[in-house]
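Pasting the structures here.
What follows is a pair of complexes built around subunit A, which joins subunit B in one and subunit C in the other.
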Partner chain A sequence: MIGAQRLPVPRTRFTELSLLFWVAALAITGFVAVVAAETSSFGPAAIAVPVVFLVLMLALHLFLVARRFHGDQVLMPIAAGLTAIGLVLVQRLASDLVLQQLSWAIIAAGAFAATILIPKDLTALARFKWTWALLGLLLLVAPLMPVIGREINGARIWIKVGPASIEPWEAVKLLLVVFFAAYLEEYREVLSRSPRRIGPLPIPPVPYLVPIVAMWAIAMVVMILEKDVGATALFFGIFLAMLFLATGEAFYALIGLALLLLGGFAAYQLFGHVHVRVDTWLRPFAEDLRFDAGYQMVQGLYALANGGLLGAGLGNGMPERIPVVWSDFVFAAFAEETGLAGALALLALYLLFLYRGMQIAVRAPTTFLQLLAAGLAFIVALQTLVIVGGNARLIPLTGITLPFVAYGGSSLVTNWMLVGLLLRVSEVSNRMRGGP
Partner chain B sequence: MSGVGTNIRALTLTLAAMFLVASVGVSYWTVFASDALANDPFNPRLIALTKDRPRGAIVDRNGAVIASSDKTADGFARSYKDRSLAQVTGYASVQFGLAGIEKAYAESLIGQDAADPVSVWKARYLGERAPAGAVVLTIDEKIQKAAADALGSRRGAIVALDPRTGAILASVSVPTYDPNQVADPARAQGAMDQLNKAQDHPLLNRATQGQYPPGSTFKVVTAAAALESGFDATKKLRVDDPYQPDKSWGDYFVRSASHAHGLFDMSDGFRLSENIYFAQVGLQIGGAKLAEYAKRFGVGAAPKVELPASGGQLSESGSLDKPTLVADTAYGQGELLVSPLQMALIYAAIANNGVMPTPHYGAEVRDADGRVVRQIAPGPGGQVISPNTAHALTTMLVGAVEGPGAFAFGGKVPGVHVAGKTGTAENRPGEAPHGWFIGFAPAEAPTVVVAVIVENAPDGGVTAAPLGAQVMRAALGK
Partner chain C sequence: MEITFGVLLWAVRIGFLVLLYLFLIRAFAALQAALSSEEAVAARPSGIAHLVVQRSVRGAPRVGERLPLRAVNAIGRDAGNDVVLNDEAASAKHALLEFAEGEWWIEDSGSTNGTLVNGEVVRSRERVQYGDEVAIGRVALRLEQ
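Moving on, here comes the complex of A and B:
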């Protein structure tokens, strides 16, 4: 054992650099394949986009090396690989949006770099937990405000800032995880050392649980006003997962799931748009739905079915038949052109991300950092499961985006900030333990 | 209290298990459900294949082209030659999928008929698609044209078939539509919106899906049930308009179209289409017997045919439990509903010694070299009535067309004996009745059955009978 002696910090991040070569191979072959299949879309952008993106990723890598950053070396290349797949798919499915998506990738890289620099001390985040909660709430209600709020595709979850529409919800989920991590760290002992039980049911000490439940309830109400069921489910999922992580009470999670199902059933009865979502999930092929509300779902399933084992080949399928394919059905589009093999490889990347993120969480030195890292990794995994499950008709389809891959700026920027935070957590433990 | 690390591991495991479930779900759609969805008639990929490659032609029994894929600047476009066959051929549309024969023979038209497993195998695993052959229909262009001309722009349907084989020789449904518009990607959406909004349902194939009260054409079923239950056809029954068997019917009466008073036997009943005669026959044999024969003749069950078909109904409840309903059903009213194809099949059974044929639109599937891949001959359905009953009914039906004062005189064809029956089907109150004629010829050895319905025809069956004669003339070459 080396004990207290500090390890020399390696100058290079060799693992990260070599994994970025894999990302380069992915991005270049992907673009070449797509552009070769669709000669009509060939233009300077087709060459410039992967090159600019790879230079950007290399710059991030060099930035981390220059900072003598000591954190994880795997997550950034995974995120880069997923973002590269996203750019290839945007080029394939909506080539006129590819420059926009590249610009968002540049902003996302900037946001990632910023998270590496600020704040200097991660635990400082915990001190301002009520600020985060308040900021989260403000962002959550922002789309309901008259001037800045925007309703797009039936969901009022957008605000207009300058020329761009952004989804504040994406930032809210990060704030939420930070708040929950800080709050639960403080009260987890009281919450889980419940004096009274009815059968297996622990009765939580009411005064401590109230703020959390209240925040959850407000969020629910707001989300219902904003007509976005997917985000509500995700929001609730984060809440339940963090509660479980802090207390170890699976029963809270089960009760929560029951509440979610109950709420879902009520929404199904009360709201037309929820009713339609569930109907198209249960019977998309029904005569009255297949050309109407179920059209998107049915076209998505055709795309999956055309994938087979090895796929139609990039650029050779017909995923463009799916309405809004670049945001809701990127997974189905990817599966059509790369087959079950490609789809499973993509899922494996997310699983790897989850595993790596959770490993960082387990190794983190304080409960706050543990809860923070686990919550962040959980977001990526849950979003992936919800949208892939929706595409494969395992659960009703929601507007949740496939992290890093689906077209959309707000989501890309927050997901890269999420990676930055995970790297920061891993750096703290590495510095304290003198690990790799 | 368990450590946070333990909780993290538990959550990670749970999520990993959910990833496994998601993977299984994705495998199901990409691999296991792949074949079924790939051949789903609405899958745009199935039709997109034919943009770059010609889709097989649809031709009539003599090879005359009904639908073909023509070379255009950007691939192949489907074109349909005969609007009167729109509901039969259907369409192949990238937006709206397949309908009609295009749907029923979807695999055959892309060179993957199930009877040709090598081509199917090659297409599926090697991506090599055999050039598409053709689907030959039983339709005869000449008879089809006669039927379309006969009906003209009147709403209704005509179906002609060969009673010996069930081959459908002509199938017209008015109003019709232009399948070329639905098949053209540029015009499809507009055309479909308009078709779906149209009050008179041009997409509906009235020949197989229309639901009409059969009126007097149904009396053959009552007569068949009576003859096979030992009822004496020569026995004269007293007819006095209006009729009710006893006072318990209150103010409910069966009425005679000709306000008849006199003695009728079964031949008179057919010739003069006397409702009161058949109402009495129905009441004598009873509702159960009548229901049994209606079922034998296929009322309430959709005929097995390649296109969407409806089965109609004997009554709302499915049985004949009230005497008034028995009496009304016996002369073709009550709550009865049938399609023109079903009526054609009932008369085909009478024409074919009591054996009902299985109807079909397809004759054979050929490959690109013209070799027959598959012959379509579904064979006879079942013995519905005895040959003797069939012959007795045929004789009376000849009388109904050719006898003195016969209602269905308009169905006559010079040089052959025609067996047939008109019907004037009462509709909703305030609407003109539907006119029916169903006939077959030559009566001694029938080769063609024609069913005609003209919606809201002021003169009912009298309007329909000459149209049937025109079609029979074309079929018999007279």
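Moving on, here comes the complex of A and C:
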């Protein structure tokens, strides 16, 4: 019987606490190195920011212990470690923004705690799926509205709320994953077990295909009107991945990918901002580009090359030569100062995050929770892939943030909510089956 | 060698990299430990329901044995299945029995000899109720809570 064999709930979350100890050591060492390099002396002021951050993380840990929370103990410390690296990099690259980023971290911690508390029943999220879809669409088009919409660096993806500019796209990600998970749970049977086939290709019933085509259309509209290539790739990538996970039909994913490439090619021909991105990707060193549109890319590549195996040392590189380094090129900056060794460790942390997220998905008791967890973990993985690939000139550069690390409030808050949701899913499985 | 500011700063920088790797290793170890204890719990014969053996052959589970079920169970001759039936008439991957939307569902995984529920051949994904008899190869199993 479900729930009857429950294990006694552990009173402490020792694994989490011991991992947070390593986060503490990492954060303080990083800040000491960066501030010492900047001021040429060791001073106690260097540890003010990391200490505030660590108290915050400890508070979150105690909150989970007090709630007798029975979920995963590894994801929160990994997210804390990545956020700590992010704060070190903001201190290094744009030290006047570090207090702002710390305040966002405090808000993010609050959002994480709220996600642990509400909703009481996680599966209730599935019942309001059309509400989430509508809310997501409204937020998606909000930056296009006059008065509240704002255009920064050529992309119209911000809205102005009080003194802050926020990127509604970040919240849209979470809403979409919840919606997709609920929608696909309901219709995956009809989508995956189509009676009609042409050879190996399934022909799904037309009405159920409408949302798929609608998603593609929305993605394209966003790319054209908001000039945000990265969001489009991410948006459509999440949708295709979840469709594939739910139905097991690789055919859908391939058709979707073909549609995306087709749309991308058309956009390359028609729109200047897409054209520039592709050009700076293919030939950043060209005479007409390297001091102009391709300058950022070229400096990013120099930074990666300068890093070598062990890096220039924190505070010892020249990442400030890259324009907007603190948001677009944090990975290149980190790789310059800690080298291949540091860059690989950073990527390995994301890999652990994905690995744990997928384990939680596999163990989840219902299709909705499985798709939810897999989709959430996939967002972090895809974002990392797209921005690191962009930094390394593997794919065209986009304005996607490196999760937890890059400077930016909206991104930090939603990523911590994402961690909260993953923990909630793992708690449902643990409560049902017993376990750590 | 004299310990200067520069030497100390380099020590801190190297320390950062070392700590980064230590954190990574600890996180990986914690993850593996969590995974193995989760697997131990999953393998524990608690189960949310059982298959009770009604008819059997030599080598397969004996008549009357209660096989615990999880939410998703692969049934077949391979050792990798959740329910292993060592019977030549059963295919390596024979059938899939899963709990979804509050009910049990069975599906044949393309077996040679087919899967029967109460004597009827399973054609697509079919519902199984408590008390139903599932026949796989020469083994018959009854679904019980």
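Quick note on the criterion: the second predicted complex is superposed on the first by the 419 of 436 C-alpha atoms of A that agree within 3 Å, B and C clash if a C-alpha of one lies under 4 Å from a C-alpha of the other, contacts with A are read in each partner's own complex, and residues count from 1 in each chain.
Criterion: a residue touches a chain if its C-beta (ideal position, glycine included) is under 8 Å from a C-beta of that chain, and two chains touch if they have at least 3 such contacts.
All values reported here derive from a predicted model rather than from experimental measurement.
K.L.:
Judging by the criteria at the top, classify the pair subunit B and subunit C on subunit A as clash or fit.
P.N.:
In the arrangement built by aligning on subunit A, the partners subunit C and subunit B fit side by side.
K.L.:
Per the contact definition in the header, classify A:347: touching subunit B only (first), subunit C only (second), both, or neither.
P.N.:
After superposing on A, A:347 lies in contact with subunit B but is clear of subunit C.
K.L.:
Tell me which partner A:378 touches in the superposition: subunit B (first), subunit C (second), both or neither.
P.N.:
First partner only, subunit B.
K.L.:
Mind working out whether A:367 is in touch with subunit B, subunit C, both or neither, as first, second, both or neither?
P.N.:
Both subunit B and subunit C are touched by A:367.
K.L.:
With both complexes overlaid on chain A, does A:302 touch subunit B (first), subunit C (second), both or neither?
P.N.:
A:302 contacts subunit B only, not subunit C.
K.L.:
Kindly classify A:392 by the partners it touches after superposition: subunit B alone (first), subunit C alone (second), both, or neither?
P.N.:
first
K.L.:
Does subunit B (first) or subunit C (second) touch A:335, or do both, or does neither?
P.N.:
first
K.L.:
Superposed on chain A, how close does subunit B come to subunit C by Cα atoms? Whole Å, please.
P.N.:
In this superposition, no C-alpha atom of subunit B lies closer than 9 Å to one of subunit C.
K.L.:
From the superposed pair, tell me which subunit A residues show up as contacts to subunit B and also as contacts to subunit C.
P.N.:
193, 355, 367
K.L.:
Which part of subunit B faces subunit A closely enough to touch in the complex?
P.N.:
1-2, 4-12, 15-16, 18-19, 21-23, 25-31, 33-34, 36-38, 40, 42-45, 48, 96
K.L.:
Report the residues of subunit C in contact with subunit A in the complex, numbered from low to high.
P.N.:
Residue positions touching the partner: 5, 8-10, 12-13, 15-17, 19-24, 26-28, 30-31, 33-35, 37-38, 41-42, 46, 48, 71, 100, 124-125, 145.
K.L.:
Using the touch rule from the top, collect the residues of subunit A that touch subunit C in their complex.
P.N.:
Its residues touching subunit C are 1-2, 5, 7, 15, 18-19, 22-23, 25-26, 29-30, 32-33, 36-37, 40-42, 72-74, 77-78, 81, 193, 310-311, 313-316, 338, 341-342, 345-346, 348-349, 352, 355-356, 359, 363, 365-367, 433-436.
K.L.:
For the complex, give me every residue of subunit A touching subunit B.
P.N.:
Against subunit B, subunit A makes touches at 188-189, 192-193, 241, 244-248, 250, 290-291, 298-299, 301-302, 304-309, 318, 321, 335, 339-340, 343-344, 347, 350-351, 354-355, 358, 361-362, 367, 370-371, 374, 378, 381-382, 384-385, 388-389, 391-394.
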